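Read through the structure below, which is laid out as structure tokens, and then see the notes.
Note that the chains take the letters A, B and C in the order they are written out, and that residue 1 is the start of every chain.
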Amino acid sequence: MSLVEDRLAELGLVVPEVAAPVASYVPAVISGSHVYTSGQLPMVAGTLAATGRLGAEIDPEEGARLAEICALNAIAAVKSVLGDLDRVIQVVRVTGFVSSVPEFYGQPAVINGASNLLGKAFNGPHSRSAVGVAVLPLNAPVEVDMIVEFK
Amino acid sequence: MSLVEDRLAELGLVVPEVAAPVASYVPAVISGSHVYTSGQLPMVAGTLAATGRLGAEIDPEEGARLAEICALNAIAAVKSVLGDLDRVIQVVRVTGFVSSVPEFYGQPAVINGASNLLGKAFNGPHSRSAVGVAVLPLNAPVEVDMIVEFK
Amino acid sequence: MSLVEDRLAELGLVVPEVAAPVASYVPAVISGSHVYTSGQLPMVAGTLAATGRLGAEIDPEEGARLAEICALNAIAAVKSVLGDLDRVIQVVRVTGFVSSVPEFYGQPAVINGASNLLGKAFNGPHSRSAVGVAVLPLNAPVEVDMIVEFK
């Protein structure tokens, strides 16, 4: 087991299996020394952990917890193509999409749920964009994708 | 003509000319072994094929057809800088923005219109994020950008 | 001082200091020969220059001015990791998120505020996506991130 997974285990987290690839796109792609993950929803064992928007059905604390699940799924997507997560040099870019009512301005605190987990799992910080969107697939509250550099 | 264009021709599709570059940004940029396209709208001969949002004026089947047009325009953008589309090794990342009313959750099926075309035109699958946004330029229903790796 | 900053000075603009990094993410990350910036809001001396959405509190001209501030902050983020801005070869990709009411379709003109500044500061054009989103962090009207290639 990788050191990354050891650190996650200390947080009580296990890297899940990735869902089976669908037809034309896959959870992650290797290009050069980078892995690009697909946008990850807060799926747990094939089901969304919650549905709804921030500022309505989902409060910021729950949103941050869901963003952490997205990040864990993104780690799983990276593992699916790299095998060993200790090959990751750094997380380069994280994009966090937060399903938001127009009056909800707290997207950064929500995406911190992903950023904090990634900071603990890997060495060093990442660049990040967090935005509020009208709606996400399956009415998911959060979606996170990332680019990592590996050796 | 490239094999990529042969495969598109079998689907009845022709790679269009790209619109003339505007001042400060262009349809695509080469950086290292990657091409980054600008966000592509479903323009046909300089006019949007449709306007409106998913869940309102546009139904999912029409949305998927429009996403396919976006992907074809993204292929045209890649061709504008690479010349020969057979230099493409793989599509690395696709981002699909779907103009959506807040109750529309079917963004993945819409962006499948782009993903399926790219899967047929090029070898292998890609990573992808699909999100619902409040509104897109010119009231376009879909916008797609991508990163491809070439040799 | 870099030639880039000379050109900005001719426009009456000074590259600001970047805000202190927060816990898990930072204003910019170097990976290979690219810098990825975090999403930049129109902050001036630590405060948002304006709040609200395009099509409501913010008109397009003001939006373009705010997008220019975002771009200036993105330049500052690049400088924070490269030191000398003349090491930038080109701006590869700009993504512009415009906080928009659903009836506002003028995102391109808003993000031109960023693109035009980047075109003047650096050599050559970039690829770009501009989308309208429901809401942005802190009720910011615009958010811009970018990828630049350097030597």
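Following the convention adopted for this analysis, a contact is a pair of C-beta atoms (placed from the backbone, for glycine too) under 8 Å apart; a residue touches a chain by one contact, two chains touch by 3 or more.
All values derive from a computational prediction rather than experimental measurement.
Here the C-alpha atoms of subunit B line up with those of subunit C after a rotation of 120°, rounded in steps of 5. Because subunit A and subunit C carry the same sequence, their contact can be compared by residue number, and under half of the numbers here are used by both. With centres set at the average Cα position, the gap from subunit A to subunit C is 24 Å. Counting partners per residue, subunit C has 32, 133-134 as the residues that reach two or more other chains. On the side of subunit B, the complex with subunit C involves touching residues 21, 23-29, 31-32, 36-39, 53, 95, 97, 99, 133-139, 143, 145. Residues 32-34, 90, 92-94, 100-108, 112, 115-116, 118-119, 125-134, 147, 149 of subunit C touch subunit B in their complex.
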